[in-house]
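Both complexes shown next keep chain A, but they swap its partner, so chain B is in the first and chain C is in the second.
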Partner chain A sequence: MYRYCLLLAVVLLWSGRSCAQLGLTISVQFISDPSGLTLSGSGTAAATAAFGSVQAFGGTVPTGVTKSIGASNWKLSTPIDVLVQKGTLDVLSTSYTLTAALQAADLTNTWKLNSVTLSTTASTLTASGVYAATVVYTFSLTVPFSVAAGAINNTINFTVTAN
Partner chain B sequence: MRSNLRLISMLFLTGVFCSAAQQQAGPSLALSPGVIQVKAQPGVSSSHVMTMTNLTGTRFRFVLEAFDVVTREGKRVFIAAGETEGGIARSAVFDPPAIELNPGEAGNVKVTLTIPADPKVRAVVAIFHGQTALPGNGGLMVTGSLGTLITYNLSARMDIRAGAPTVSPQTENANLMVSEQLENDGQEPAIPKGTLAVLKSSGELIGRVPIQPHRLLPGEKFNCEVEYPHSLRSGKYRAMMSIQHEGGVQTSSIEFQVP
Partner chain C sequence: MKNRTMSIRKLLVTMALLAAAFGFSVQSARATNSTGTVAVTATTVASVSLTFVTDVAGITLGGTGTSAATIAFGSVQAYGGSVPANVTKTVNGTTNWSLATPFDVVVQVANQTSSNYTLTAALASADATNTWALGATNLSTTAANLTSTGAYGSTSYTFKLTIPFSAAAGAISNTLNFTATAN
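Moving on to the complex of A and B:
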């Protein structure tokens, strides 16, 4: 019986250490919003939203994308879901900070998440994000009429840190 | 025989518990630890190992970067290494400075940080900056980065300032809410936690609600909102907020009436 108790104690101590490490883990996923554009790679940490070929006047936009026309520009927008999780044992981190930045500078078009205009410098989307709650961010790309037709690509880098 | 069965059951349950925790993350990137708390002195170096796990089906590349975390107007701001006087991030040495992880692979990075003689900051984030974007047919690519928050307690000078509590009365659709503005007025990070107690005007305790711990860097503010989950009958009450941290306990109260 003593041997079993010793073995149990060792197993519990070992697994407790292992689970405590997991308890401090944070993770991030990008998910297609039910009313938004379907993301390739949805549910993982790298995803792509393919808007395809769209134009300011006429034509169609993909399902989940909204097009609006302004006085001097036009805008495409779609919601994207972000899910940040933490290990269940980490009680001291009750929220997270989420920032976003463009990988490449774009001096012509305007890239936004909700009301935050993105640049290559990280902008804070939330300083008090709630773990395990899917949060919807509306992405929008505003293109001036003066821009010639052509491909527009960029990458948004989301950074999560525990608070 | 009975003790053998008991032992096997406990081992099984332990395995199930750990396995469930491991599966929680999903097909994402996971960084451990998310937070490191250091107690040290100025001039001291410390090394910390961080583990990034790639749970996606894509090969990921990360470049390591350190930022100082400072508080401006009550909120945290990340400042690039070397741009803050008395910053710690400028001393960061990552080993290795970049990693690539295959699907399912985990990798360790050791960061060594040296606190300057006259440090002005008390926190750094070590960020695994994701460099991988899925190739797509034009448009928008998104990629994730994760950072470990490293906080430094260099002295015992902790002070949390609690504002006057306010009450949002209970309604048919909402419970009573008591809120209080907390501000870290000291020089060190603190993790205040506490209890909301609701008492009758006679002093009789009606109920208590624990206030979850919340990390506050020096200068940081937090609106601590606590929901009392039970319905109160009409009468006069007192809500007492007790905030506890390493620097002591602060109690404040407010009287209110339920019509």
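Moving on to the complex of A and C:
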């Protein structure tokens, strides 16, 4: 009996550590919005938004991308769908918190999700997210006219936490 | 007695382990989190914008604010009649008469190191009768240089169309093709 109890304790401890690995806990996935840019890796937790070759004046932008020209900068924007689902072990959770941060600092361009400006410090997008409900976030990248042309790359790191 | 003590000790240890494991599991379940990433890539290309805007002292342009504007003088005549607001009519003795109006040329640059620009203009179709000018520069189908050191932003140019008295009345139309190049 003693040995069985010890084994049960070990199993409980082990299961607590490996829930995320087993997919039993909360999960996030990024999906191409019907009105947005087609994401590479749509439906997974590691998507890519590739705008391709773009320019402030003239040229074209991919389908689902809006370009707007300001007095001293220009902006690309597109909606992205975020879907969060809770796992088996999240039965007690009624909502989630979603944060986002840039992987690399960018002192030149402005990265936003809705009205939230992103930096390398995590910003809260919502503290009361609803599970299993697709939420549209508008991503925007603002590029100053004064910046030399070239490649712009970065990664937005999302963290979703069960409340 | 010794066996009973051992049993109680084992029971207490087991209960403690189970409580710890359960507590850990529940805590993990209530504070689970997950991460995801969206990689973003773009390649910006340098570009120049050329648009035409109605000057405050000029004729109202059709398509003002775009790169394809229209100047429509309407029905005009050398003597008498009227001209649109902000159009100046000048009769030059017995030789010709002209219509003149300012309009703004707006040139912007993005994502390129450039301190100024070169602006040229040319007529789309040859006109051997009338004289088309921008400022002091007469236009033909060969591009004429309006400036080689244009400052980015808005610059006013005065367009002038001169019509000989000897030319028959009728429609006059042409297109001015502009090219702005970042220096």
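Criterion: the second predicted complex is superposed on the first by the 134 of 163 C-alpha atoms of A that agree within 3 Å, B and C clash if a C-alpha of one lies under 4 Å from a C-alpha of the other, contacts with A are read in each partner's own complex, and residues count from 1 in each chain.
Heads up, the rule we're going with is that a contact is a pair of C-beta atoms (placed from the backbone, for glycine too) under 8 Å apart; a residue touches a chain by one contact, two chains touch by 3 or more.
Quick caveat: nothing in here was measured; it's all calculated off a predicted structure.
Once the two complexes are laid over each other on the shared chain, residue contacts for A:T117 go to neither chain B nor chain C.
When both complexes are overlaid on chain A, the residue A:F30 reaches chain B and chain C alike. Using the contact criterion defined above for the overlaid structures, shared-chain residue A:G59 touches chain C, although it does not reach chain B. Applying the stated contact rule after C-alpha superposition, one finds that A:V143 touches chain C and leaves chain B untouched. Looking at the shared chain after the overlay, A:I80 reaches both chain B and chain C. Applying the stated contact rule after C-alpha superposition, one finds that A:S68 touches neither chain B nor chain C. In the superposed model, A:I152 makes contact with both chain B and chain C. By the document's definition of touching, both partners, chain B and chain C, reach A:F51.
Of the two partner chains, both chain B and chain C are touched by A:T161. Chain A residues in contact with chain B (one complex) as well as with chain C (other complex) are 8, 12, 15, 19, 25-30, 39, 45-53, 80, 87, 89-93, 103, 139, 141, 151-162. Residues of chain A touching chain C in their complex: 2, 5-6, 8-10, 12-13, 15-17, 19-20, 25-30, 39, 45-59, 69, 74, 76, 80, 87, 89-93, 103, 111, 139, 141, 143, 145, 147-162.
Touching chain A in their complex are the following residues of chain C: 10, 14, 17-18, 20-22, 24-25, 27-49, 108-113.
For chain B in complex with chain A, the touching residues are 3-4, 7, 10-11, 14-15, 17-18, 21-22, 24-35, 51, 53, 55-58, 60, 75-78, 125, 127, 129-130, 132-149, 191, 212-215. Across the complex, chain B is touched by residues 1, 4, 7-8, 11-12, 15, 18-19, 21-30, 39-41, 43-53, 80, 83, 85-95, 97, 99, 103, 122, 124, 127, 139, 141, 151-163 of chain A.
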